[in-house]
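What follows is chain A paired twice: with chain B in the first complex and chain C in the second.
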Partner chain A sequence: MNTKTRNLILNGLALAALVVFLYQAPGNLDRYKLRIINLIAINAILGLSLNLIYGMTGMFSLGHAGFMAIGAYVSALLILTAEQKTSMWILQPILPWLLNLHAPFVVSLIAAGLAAAFFGWLIALPVLRLGGDYLGIATLGFAEIIRILIVNLTPLTNGSLGLKGIPAHTDLWMSYGCLVAMLIFMTRLMSGNFGNVLRAVRDDEIAARTMGIDTFRTRVLAFTIGCFGGGVGGALMGNLITAIDPKMFMITQTYSLLMIVVVGGLGSITGSVIGAILVTTMLEWLRFVEEPITIGSLHISGIPGMRMVVFSMLLIAVIIFRREGIMGPREFSWSWFFPARKAEPEMKGGND
Partner chain B sequence: MSLNMFIQNFINALGLGSLYGLIAIGYTMVYGILRLINFAHGDIFMLGAYFMFFATIRYKLPWAVGVLLAIAGSTICGLLVDRIAYRPLRSAPRISALISAIGVSFFLESLATVLFTGMPRAVLQPEWLMQPMLIRDGGIRLMPLGIMVPVISFILVGALLWVVHKTKPGLAMRSISFDIETTRLMGVSVDKIIALTFALGSALAALAGIMWALRYPRVEPFMGMFPGFKAFIAAVFGGIGSIPGAMIGGLTLGFVEIMSIAFFPTLSGYRDAFAFVLLIVILLVKPTGLMGEKLEEKI
Partner chain C sequence: MTTQNSSGAAPVLRIREMTLRFGGLVAVNDLSMDIAGGSITGLIGPNGAGKTTVFNVVTGFYKPTKGVVEFMGQPLTGLPPHRVCAAGLSRTFQNIRLFQNETVLQNVMIGSYVRQKGAWWQTLFAFPAAVREEREIRERSLELLGHLGLAGQADAVSSSLPYGAQRRLEIARALATQPKFLLLDEPAAGMNPQESEELLNFIRRLRDEFDLTILLIEHDMKVVMGVCEDIWVLDRGLLIANGTPSEIRANPQVIEAYLGQTAPRSEVSLKKEAAHA
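Take a look at the complex of A and B:
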């Protein structure tokens, strides 16, 4: 059996295991655990899309929360019914054309991704001419501008009140379906020639340009695809939590995505998935430090907010002590489980 | 708009702008030397305001003592941030230090939430700063604080320019920003000079934080976030690395914010967006800023 068929079979088995797990999970786990499992998938999608922008193409973007916001709002506005909309817009009436706009969930997801990608493309044209940290601060600025627009454009977005009562469409099938699609897309992308082009642009832009790569177009394309992922992730998030407001999409949201990408390993697809699992579960697990603990007669009252202190300390520690994250730029491969074959004779160089 | 209103807004803009300028100096000095956006700078500003709040309002220390303690405390924090989070990453890629800076900023904000609670606290303004002087038959209200803020800011900038251009450590700073390796070879203790830069920047940020807390009489853990971003933008606008540029950028931003709302009150909800729009415009039109020199791209 050659490596290709072996990997195909193993991938199929892994997918089947995932399907069995997703089939069994709702019956055996409580709502809280299911929500975390859902969040892991959504965070993995978001982490992968940010990794495409930052880890794989080397564009330091701090604007992901803004694209998530666009996705979440577009999807919610398409899903909510006219009655819900009229009862929610109490400060100012909703725009008339928006009131009766309605679409099924899957359509709204695609629309969310496309809207985020469109804005990402629009923003990329001026901003991607900048490099390094200027790009970071400019994208951060755009995310803030988007947030400020959402707060102020009340007839369109219901302002700072946010949107409530979004039907909880995001179930395990939906979120893991999107994740698997994203994973297949990313592995195909990165193992193909476009992946090499992205790495070339990241590692040495001038050399890439010398090789005839249109670096600017490549960066715009990667950024736009990444924003699409951000929009879909935001829409899934909104449909999981069922309520969104502008405060959800503050810069801290981008920080946790950055944490996922950095902890997992810049440029590694596997790393982003591991990062999403670790960061999501850790953020939930850390809630214990905020809860009162009683050990015998010793009573320690909970410290609200302590979770974020620990979280930020971990981010600093990772970047100082293990900059490349868990995976570094490496990827998971089935060959890890099989002993490497002896070097085949034809691989040897020379004629001796 | 009447002339009185205009003068009133002008004074407000001068105050706000000089505070942005003071914070921007810390960004511009650190960026000039290390090419690092010190995201934690806005949070040092926040700490300065909190230290002042606790010293003078909680523990009733005299104002002069409280202000000095706040400056000392923030300076120590600034030095610790450099020592713990930035110095280990000097030889790492620049983006690593930037992520570390983001982590530090996030850390200081959450720590402040834990220690001081997330609730905004009112700052009791001292009487003598708030006695309004009425000019032009009461058309303009001028408070001592309103005059003090720009005056103190300009004196500090003057003093800093003297340090940077006329003293030996200042010479070392300028030399490091030009070429860090050669400076090291000349026998300059680079880490000490960088620490000095952080100390000066943090002290200025603390003073700005104190004056900010007196002007908008409250303190809260996230108060440094937006002034910090905006001050960085001011530094980019003025030309990153240039101290007079930071001040000019700060004043420009102050005037843009106050005047555009004065002339178009309907825009007041978008106030925080102006700075970011300004940033994108300046980066597209003149990426080096008003007074900046071109940073050489090294191939």
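Take a look at the complex of A and C:
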């Protein structure tokens, strides 16, 4: 049996295990745990899309929350019924053409991705001519502009009141289905020669241009694809939480995605998945530090926001002791479990 | 200056009255050059003479203030670097610029991308033609590595290679773009005498096997005199001489540019200084 069929079989088995897990989970776990498991998948999708922009192609973008917001709003506006919309827009009436706009969930997901990709492309054209930190600041600014627009375009977005009562379409099947699709997409993209080209643009732009690569076009393309992922992730998030408002998409949202990417390893698909699992569960698990604690005679009343402090310290520790993240640039490979064989190329990720 | 082609072939690269100014500094001043097809040509001069600047203008990194560059009858001036590469010119760098985190094979495959016909999404959805093309690129890249004696290191990370092998890999990567014209920026830099001796044969072999025209910048005079059929000498942005190695070796202006003049100043150098002012 050669390694290719072996990997195919093992990937199939891993997928089957995931299906069994998703089938069993709703009956055996409470809603809180299910919510976290859902969030892991969504955060993994968002982390992967940001990793494509930052880790693989080397564009330091802080605008992901903005593209998530576009996706979440586009999807919600397409899903909500006309009655819901009329009852929700109390400050100003909704735009008439928007009132009866309606689409099924899957269509709204794709529309969310396309809308985010379109705005990403629009922003990329001027902004991607900048490099390094400047790009980070410019994208941060654009994300804020998007958020402020959402607050102020009340007839379109219901302003700071946000949207409520979005049907909870995001179940485990939906979120993990999207994650598997994303994983297959990313693995195929990065193992092909175009993946090499993306890394070339990241590593040495001058050499890449000399090699005949239109680096600007390549970066715009990667940025647009990443924004598509951001939009889809935002839409999934909205349909999981069932309510969205502009405050959800502040810079802190981008930071937690950045944490996922950096902790997991820049440029590693596997890393982003591991990062999503770690960051999502840690943020929940660390809630205990915000509760009142009594140690002997010492009584500490709960401090809201304390877990973010602890989390920041953990992040600093990661940066000091393991700068390249958990995976570094490496990828998961089944051959890890089969030593003795001759060295295989590393870029054979499976969907774990 | 009149054109002197030692081989007598038609020029593939023509530079006409090229000037490049950086503010008040004239890096290249009114340079005209013809490079014969299939030749190995040297571009020499003391430090800061403007040799690498000429490379950067030809490959599209700088736009000349004045003048034109023509490659096989087509104007190159003003084209961005990736279009210059697509037109058939490839180069290496003075300080090696490999994609350091990538493997040796990936480096060469990146070079092949400019000739890849299938779009990125076609391999994604496993279009048969695109998948086949990708496999061919991999095979061709391995073959190229074998040609340059790097086949054994195909899966090694490029930055882990020894210095000489990194230089060869940079050339392999440049060849993967299927150039007709190769610009080498100090290929012998950092090599010991025996390595640069091998380099002489290697450059000749490249020219013959890949049907190339080669223009090289080099400080190692043994390499320049040993391999170049035609030599152009720059000093402070000005072309001061052109000819065969033996002509250049005997040229008093070249000797002066490299070694400085003896006092009192010669008339030639005074004229030259007047031209600079």
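Operating definition for what follows: the second predicted complex is superposed on the first by the 333 of 352 C-alpha atoms of A that agree within 3 Å, B and C clash if a C-alpha of one lies under 4 Å from a C-alpha of the other, contacts with A are read in each partner's own complex, and residues count from 1 in each chain.
By definition in this document, a contact is a pair of C-beta atoms (placed from the backbone, for glycine too) under 8 Å apart; a residue touches a chain by one contact, two chains touch by 3 or more.
On a predicted model such as this, the values are computed, not experimentally measured, just so you know.
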{"item": "Side-by-side fit of chain B and chain C on chain A, or clash", "value": "fit"}
{"item": "Broader residue contact with chain A after superposition on the shared chain, chain B or chain C", "value": "B"}
{"item": "Which of chain B and chain C A:Ile274 touches, first, second, both or neither", "value": "neither"}
{"item": "First (chain B), second (chain C), both or neither touched by A:Val197", "value": "second"}
{"item": "Partner chain(s) touched by A:Leu221 [first = chain B, second = chain C, both, neither]", "value": "second"}
{"item": "Following superposition on chain A: angle at chain A, chain B versus chain C, Cα, nearest 10°", "value": "80"}
{"item": "Which of chain B and chain C A:Pro329 touches, first, second, both or neither", "value": "second"}
{"item": "Contacts of A:Ile206 with chain B and chain C, given as first, second, both or neither", "value": "both"}
{"item": "Partner chain in contact with A:Asp133 - chain B first, chain C second, else both or neither", "value": "first"}
{"item": "Which of chain B and chain C A:Phe185 touches, first, second, both or neither", "value": "second"}
{"item": "Nearest-approach distance, in Å, of chain C Cα atoms to those of chain B in the combined model", "value": "9"}
{"item": "Contacts on chain A seen with chain B and repeated with chain C across the two complexes", "value": "206"}
{"item": "Residues of chain A touching chain B in the complex", "value": "60, 62, 126-127, 129-130, 132-134, 136-138, 140-142, 144-145, 148-149, 151-152, 206, 251-252, 255, 258, 262, 303-306, 308-309, 311-313, 315-316, 319-320, 323"}
{"item": "Interface residues, chain C side, partner chain A - complex", "value": "59, 61, 80-82, 85-86, 90-91, 93, 97-102, 106, 109-114, 116, 120, 123-124, 134, 137, 155, 173-174, 177"}
{"item": "Touch list for chain A against partner chain C, complex", "value": "185, 188-189, 192-194, 196-197, 199-200, 203-204, 206-215, 221, 329, 343, 345"}
{"item": "Residues of chain B touching chain A in the complex", "value": "35-37, 84-85, 88-89, 92, 94-96, 98-100, 102-104, 106-107, 109-111, 113-114, 118, 225, 229, 232-233, 236, 269-270, 272-273, 275-277, 279-280, 283-284, 287, 299"}
